[in-house]
Every structure is written in structure tokens, then in C-alpha cells.
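Listed below are the structures to be examined.
The two complexes that follow have chain A in common; it is paired with chain B in the first and with chain C in the second.
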Partner chain A sequence: MTALRELNALMRLYAQQFRTTFASMVQYRASLFIWMISQVLEPLVYLVVWSTVSNSSGGSVGGYTARGFAAYYLTLMLVNQVTYTWIMWEYEYRVRQGFLSFALLKPVHPIHSDISDNLSSKIITLPILVFVAGSLALIFRPTAELTWWAVLAFIPSLTLAFLVRFLVEWSLAMAAFWITRVNAINQVYFTLMLFLAGRIAPLSLFPRWLQITADILPFRWMLGFPVELVLGRLTPTQVLIGLAAQAAWVIISLVIIRVIWRAGVRVYSAVGA
Partner chain B sequence: MTEPAIHLKELCKIFRVPERESGLSAAIKSVFHRKMQEVKAVDGVTFDVSPGEIVGFLGPNGAGKTTTLKMLSGLLHPSGGEGRVLGFVPWKREHAFLRQITLVMGQRNQLAWDIPAADSFELNRVIYRLPPEGFRRSLKELTELLELGPLLKKPVRNLSLGERMKCEIAGALLHSPQVVFLDEPTIGLDVTMQRRIRSFITEYNQRSGATVLLTSHYMADVAALCKRVIVIHHGRLLFDGDLASLIQEFTAHKTIVVQLEDCQADLHAYGEVINCEDGRFTIRVPKETTARVTEKLLANLPVIDLLVEDPPIEEVIDQVFTQETA
Partner chain C sequence: MNTIRLLFVFFRISVLNETAYRVNFFVQLFQSLLELGTALAGLAVIFSYTQTLGGWRSDEMLALVGVYFLMGGIISLVIQPGMSALIDSVRDGTLDFTLTKPEDAQLLVSIQHIAIWSMLDLLMGAGVLVTALIRLGKTVGFGESAQFICMLLAGGVIVYSFWLILASLSFWLVRVENLLEIFQSMYQAGRWPVSIYPGWLRFALSFIVPVAFATTIPAEALTGRLGFSMLLEAFGAAILLSAAARLIWRLGLRRYSGASA
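Showing the complex of A and B:
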């Protein structure tokens, strides 16, 4: 009963946050547009590079043809759009400028506002990105072997990918409680992400040891895994292991958030909010 | 006796701040060895506030006023002592506690910048889980009291400082908190707006019966709002009592205003002449001689009018602080 009421209250919060985020976002149409360009540009550049490589090396690299790369990168573009967060950039500002104080005065954990704000802005921007990716598909003509079970499994894997990325980045963002300049950490994180999430190249193109590293770390489960899954490049066993790994990372990061958040707020409230 | 709304006993807050001399070599040294200095922001403060009281919290910059308010609203962990607000330990930040208090910081904005205040209010409605009728009622009441009407529909960034403050206050009170902490609510506002906010606070306190603890630089705020004042300086409590006795206790002087025909007369024999305008002399005399001087003035001079006043409260407070340092 209480749990249900809690859930209901959270749903209301999410719905209202959507309205607020929407209202804020339409105020900044220009910056929204510029930012979307960058979301499109990165995968597009890699797509062009890898298609060229694949064409010049006999039509295929590591099992990817030019059109295979097109499928990979256009899907990646969408998965990245769904899963990405900006929390690591924002947290430092929040802590240093004392804006966290307002969140601490509210009778709700601030992570809820962050999740709902993130989801809201995705709902608004995703249709545009789908349209862009669709238009690019007409040019690059992607091919993939879609199976019904892979498409079905894609939905939970995408949801989990969002959660893993959001929760891991929220955990790391809390470093701002202890370190005044977190940019260095962010830089390391994003570099690792570039290689180990399958952004710079599909992970199957990397040497074995790097693939194992990617399996152990959370990055692949945030981005590369759902892409490989939906394009039919994984066996059912690999898919199940992947989903389990995602679930594990969700649990691990939730535990970390619980512990670190308490300690972080103590530090924040010790030095002056 | 009812339980106090706010109770603090020997509350302390010590900040550890890195200490460093200026200059490059000191900067390099500080990389390897950080000298920390302890700053006692609040140093054993004890007082109780009854439900429904409005209490003014006075002190110069850095006296520890804001630090105390932040501890009481749960934003800061104290280094020692006890604190209870509505029976809760504030820094545990239980949701049941947070739903019943509010903190308004005059120098900070919590309303979202890009959207109208009405939208932020809606968000507060769901965060505080307010029933729709209750929310509508308190929004209507606050809109009337603060004359918010058209302001609610404009993006917050397009509002003037005073208009924004009114919206901030409304947003902070939508959930009808029982304890209201106001940290410099009138800072930077013009006199008219200050007066408006003041009369609102009085009105709100009477209507809702909420306990109000407020800090301000402007003595007029305190004089208008609070019967009781608490003065702190260097983190210590200097005075706790009503405003009238603060003036009694800390003023050695009274001001006598005498209306004569013109400014020709020499009144130096009676006391310290502060100024004279159109025959209106202002003289400062030691408190204990007031009666005697008044008598002499009336006997020796063609007095048209005479008035004995307490010095302005700014002067009193100034005296309180200088006495402490002396």
C-alpha cells in the first residue's frame, strides 16, 4: 500500500518534471539544435572513416561491411541519444555553487529529479534524432539481420543500458563532494568510454584482451551491447550474459550511490552548503 | 508550557579552512603541506523559540547567523551541541521534517530561471505531495497577499529583483510550513518592496501561526517585525530579549529634539549638539541626565516643541558590537 503510494507520488513527480523540462527546453531552441548536431556528428565521422576503410580493404573489416558499419553507427547514434547523461558536468557546479542546498531542502531524493529531467529531454529530442538517423539511412543504406527475439531483447537491454549509464555517471559525479575540479576525472572517464563502449569502433574489432577488459568494466553495457544485440551479432547466450551484467551493474551502482551519497552529503554539510 | 518550535543548546559549528599566505612560494608549499585553520562560526549558542513567535536574528557579517539557520534547516551538520526543530533533529533531514519547514535565502534563487514561477510551483506541488485543493487555496492566498498576479506567468529571468523575491517567498511557502527560516529576505530590495515583504511576513505569521526566524541587515526589518531579538557576534549569543530592553540595556544616550525659533542659540552647555535645521536642534545627552537637561531647556529657552527619543536602532546595535570588541 505504502509502496504503491510512493510509486504514485514519484510518477506524478516525473510527469510534472516532464512539463517543466519541456518548458525550459523550448526556450533554448538554438542551443538544442547545435547540441544535436554534435550528437549526430561523432558517430557520423566514425561511420565515414570505417566505411572507407572497409571499402579499401576488400569490402569488409572484422565482419563489418560498409553497410554493416552504417547499421552499427546509426543504431549507436540512437542508443547514445537514449542513454547519455550530462550529470557529471553539472554536479560540480551544483556542489560548488551551493545549488545542491535547495535539493537537500526538498523531501525527495534529488536523483529522481535528475532521472525525470533526463528522460523528459530524451522524449523531446529522440523523434528528431530518429528522423536524422532515418535520413542518413537513405544515404548509407545499412543492412543487418534482424531477428524477432533480438529486437525483443533490445528493449530491456536499452532500458538497462540507460540505467547503468545514468547510475554509474551519477556515482562518479559525486566525486565533486571531495574534489573541487572534477574535469580531470571526467576527461579520463570519457576517454575510456570512447574506446571501451564501442564508440570509436565496434568492440569486436579490438584485440581479445581489450574485449575482456570491456566486458569487466561497465562501458560496454551502456552503449555497445544493445547495438550489437539488435543487429544480430550476438548469440542468445551472449545476450543473456549481457543482460545479467547490466543488471549487476545497476545493483552495484545503486549500492554505491546509497553509501557515497550519505558520506557526500556529510562532507557537503560539514564544509558549508 | 508547550514544547518549543525551535530548541538549541550549546550549538557549535567549527569550519576547517585551509590557511595560506599569498605568493607563489606559499602556494607551492601548500600543495605538499596544508595548514588548516579552525574557524568557530557558531560557538555555543542556546535559545528556544515558541510556536508562532517571530524572532529577529541580528549580527554583523560573519557573526554566524546564516550558519545557524543552515543547521536548523538541516543543511549543515553541527560540530557540537543539540538542536531540535518541531521535535526533529534537523540534520537527519527526515522527509516528515522537510515537509514542515522552509528556508528562504535572499541571495540565492531556487526557482527555475527559464520558466514562469507558476511552473516551478507546480513542481513543488508534486514534490511536497500537496492535495490539489489545498495547493490552490494557498497559491491563491499567497498571490493575493504578495500581489503576484501577472508575475506568475512570466519567465523568472524577466522579473525584477523585488518581483523575483516575492515569487521566491511564495514558492517557499506553498507547502504551508510550520517553521519559516528567512535569511536576509529583503536584501537588495528598495524601501517600498522591503516594506511590502515585511507586512507580508507579519500577515503570514498571524494567519498561519507559523514560527518565523529571520536574519536581516536592515534594522527596520527587525524593528517592524520582531518583538524578540537575538543578537550574535563572533558566533556567541550577546543578547536575547525584547527589542525595547535591548535598547535600554545598550544605550547610554538619548536624543532630545528641541524646536526653537532659529539656530542662533548656543546649546553646547546642554549636551552634544548633533545638528540644527530651521531651529530644530538635535542634542545627544547621557541617559541618566535626560530629565534634568529637559527641565533646564524648558526653563531657560523659548521652546516651541520638545521630544525625547531613543537613538536609532542601528546605533544601538553598533554600540552592542563595539562594546563586545572593546
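Showing the complex of A and C:
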């Protein structure tokens, strides 16, 4: 009964937080728009590069035709939009400027407001991005073999991908409690992500050892996996293993967050005093 | 002569300022190496599947990466810091201090902020470029070197003028930092030859945001694939854009009312 009441309270909290952040996101729509240019440009550039390669080497590279790459990168563009966060910069700023104090005064964990912040910005940007991806689809003519079970499995895998990315980046953002220059850490993280999440190339084009590394680390499960899944490039067994890996990373990062958050807040109050 | 003397003075001041924060050097070194490593590893993946990319061999692509870092280094060394400072000073009125000095104000705002650690990008770019030329195994003739230097200068002038035009918009608009961000995020497309992009994107990267002039065209000059008409076009664009930038800057200054108004 109490659990139910707590859940209800949390739902109302999200709804309210959602209205507040939605209003502020509408305010900063120019920044959102500019952020979106780079979100679109990076996959678009690699799409062009790889379809050029594919066209010049007999129409297919590692099982991808030019139109196959189009499907891969346009889907990646959308999945990336759904899963991205900016929480690492946000925390660096909050801790450095001391704004975290306000969040700590509230009787709920600050992660809830971060999640609803993230979701509400996407409600604004996602329709625009779908439109952009749709227009690009008219130009690049993607093809993929859709199967009903893959499309069905895409929904949980996308949700889990969002959770993995959000929780991993949220726990990485905690580094700001101990280190003043988190930018270097962030850049290492983004470089790894570029390769291991399948942004520079679909992971199946990489050498075997890099693919194994990608299976072990969380990056593939945030981005590449749902894309490969919905495009029908994975067997049912691979999909099940992938979903399990995603779930495992959610649990691992939740545990990490619980430990780090407590320790971090203790350090933070010491600095603020 | 005067310009060079001023540039040297501002450079010296920046060195004096920045040497107090020596850790920044290592942070920048680390980030630049990481970025370069990413670019090279990306090329390695792509060229493990193909011999040429849109007609460019791997060593020619390496030269393009060198130009990309070189030009990126110039942008973050002087252009970007100067122009962001200009926008800030128009907003809070501290441009007054620059205007009262007995030198050309456009020159002063353009060179008075130098992010010296960005020299690393510049040096790295030059290093990559030299490596690429050695690997290409051809002696770059006098004609190609001259063309390359001309195109690098033209590209630099075009990029600088473009930034100055955007920054000068701050005389009319309140928030233009965002516009500068657009260039920064479009610049990444310049790591690849613009000839591989579809027509509309190539057009946007040449004439809306002049990324092509900054990277592809100098690299084309160096690898001997630049036609004479393109050379003229780049010169024309550099002259036209710098004149336009000067004009917009002057018009903006006339609108500027200072801190106390």
C-alpha cells in the first residue's frame, strides 16, 4: 500500500517537473536547435563516407549496401537522439558553481528531476529530428528487412538503451565531486563511445577483438545494439543476450550510483562549507 | 609592420598569462592527441575496406586531416577567442576600451585574445601534413606549394571574415554565441573531402558555412587536384567576404552606443 502511494507521489513529481522543464526548454529552443545540428551532422557525415566506400567497392561493404548504411545511420540518428544526455556537463557546472545545494534541499533524489529534464527536451526535439531523418530518407533511400519480432523487441531494447546511457553517464557525472577538470574524462568517454557504440562504423565492420571489447563495455548497449536489432541484423539468440546485457548494465550502474552518490554528496558538503 | 608588432605584443601577454596555468597545457595536449588519434583510427577503419575514398588515397586523406587540424588550430588560437570576446564586450560595453585606442579597432578585437595552447593543434596539424607528404613520396613542386600556401591564406581569410560577420551581428542582436556554435559543429564535416557529399550539402558547406574553403580546397591544392578556376573562385571569395566583413563591422560600430548609453 505504501509502495503504491510512493509511486503515485513520484508520478505527480514527474508530471510537475515535466511542466517546469518543458517551459524552460521552450525558452532555450535556439540552443536546442544548434545542439541538434551536430546530432544530425555526425551520422550524416559517416553515412556519406560509408556509402561512398560501399559504392566504390562493388556496392557492398561488410554486408551493408549504400542503402543499408542509410538505414543504419538514420536509425542511429534517432536512437542517439532518444538516448543522449548532457548530464556530465550539467554536473560539472552544478558542483563548481554550488547549484547542487538547491537540489539537495529537496526531499527527493535529484536524479528524478534530471530524468524528466532529459525526457521533456526530447519531446520538443524528437518531432523535428524525425522530420529531418524522414527528409534524409527521401534522399538516401534506406532499405532494411523488418521482421515483426525485431520491431517488437526494439521497444524494450530502446528503453533499456536509454536507461543504460542515462545511468552510466549520470554515475560518470559524479566524478565532478572529486575532480575539477572532468572535461578530459568526458572526452575519453566520448571517444570510446564513438568507436564502441557503432558511430564511426557499424560494429560488424570492426576487427574481432574490438567487437569483443564492445560486447563487454556498456557503449554498444546504449546505441548500436537497438539499431542492429531493428534492422534485422541480429539472430533471436543475439537479441536475447543483448537484452540481458542491457539489463545487467542497468543494475550495475544503479548499484554504482547508490555507492558513489552518498560518498560524493559527503565530499561536496565539505567543499561548500 | 605595425600589425606584426601588435600581434607579437598580444602573443607575449597571452604567454605570460597562460604560463601561470601550466596544467592547461597537459590537458590540451591530451585532448588534442585524443582527437588526432580518433581521426587516424577512423581513417584506418575506412581504408581497411577501400583503396580510395571519393578518389582520395589514404595518404592524401592524411594530408586533409593535417590541414583540418592546422586550420582548426588557427581558429581556436585567435579567431574563436577574439570573436567570443567581441560579442561579450559589445553586450557589456567594454568595447569602449578598445575603441579609444589609437589603432584600428577591427585589428585589435581580432588579435587581442590568443589561446596559446591551441598552438598544439597547429603543430600537430603541420606534423601530420609533413608525414602525409613524405608518405605520398612525391616531391611537392614549387607550383603546388605556392598554390597550397595561397589557398591556406585564402581559407584563413574566408573563415575569419565569416566569424567576424557573425560576431558583428551582436551589434544588432542580443544572443549570437549560438551562431558561432553552428560553425564549430559544421567544421567537423571538413575532415572529409567535400566532393563526397551530395550536391545540396556540398553547397551548404561551401557557400552557407565556408568549411570547404578552409580544409578541402587547400588540401586539393597540395595534392595537385585544384583547377585554375577554383583557385580564382577562392581568391574572389576571400576578397569579397573580407570586404563584406569590414563593411558590416563598420555599420555595426556606428550602431554601437557604448556602456553608458
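As a convention for this text, the second predicted complex is superposed on the first by the 272 of 273 C-alpha atoms of A that agree within 3 Å, B and C clash if a C-alpha of one lies under 4 Å from a C-alpha of the other, contacts with A are read in each partner's own complex, and residues count from 1 in each chain.
We adopt the following convention: a residue touches a chain if its C-beta (ideal position, glycine included) is under 8 Å from a C-beta of that chain, and two chains touch if they have at least 3 such contacts.
Just so we're clear, the structure is a prediction, and the values are computed from it rather than from any experiment.
In the superposed model, A:A173 lies in contact with neither chain B nor chain C. In the superposition on chain A, A:A66 contacts neither chain B nor chain C. Within the superposed three-chain model, A:A144 lies out of touch with both chain B and chain C [touch as defined at top].
After overlaying the two complexes on the shared chain, residue contacts for A:V188 are found with chain C alone; chain B is out of touch. After overlaying the two complexes on the shared chain, residue contacts for A:V48 are found with chain C alone; chain B is out of touch.
Look at A:S38: by the touch rule set out above, it reaches chain C but stays clear of chain B. Applying the stated contact rule after C-alpha superposition, one finds that A:S57 touches chain C and leaves chain B untouched. Put simply, chain A uses no single residue to touch chain B in one complex and chain C in the other. Every residue of chain B that touches chain A in the complex is listed here, in rising order: 15-16, 67, 70, 73-77, 91, 93, 95-96, 98-99, 101-103, 105, 108, 110, 112, 114-116, 119-120, 122-123, 125-129, 155.
For chain C in complex with chain A, the residues that touch the partner chain are 23, 27, 30-31, 34, 37-38, 41-42, 45-46, 49-50, 52-54, 175, 178, 181-182, 185-186, 188-189, 192, 196-198, 201.
Per the touch definition, chain A reaches chain C in the complex via residues 30-31, 34, 37-38, 41-42, 44-45, 48-50, 52-53, 56-57, 61-62, 139, 181, 183-184, 187-188, 191, 194-195, 200-201, 205-206. Only residues 9, 12-13, 15-17, 19-20, 23-24, 27-28, 98, 101-102, 104-108, 266, 269-273 of chain A touch chain B when the two sit together in their complex.
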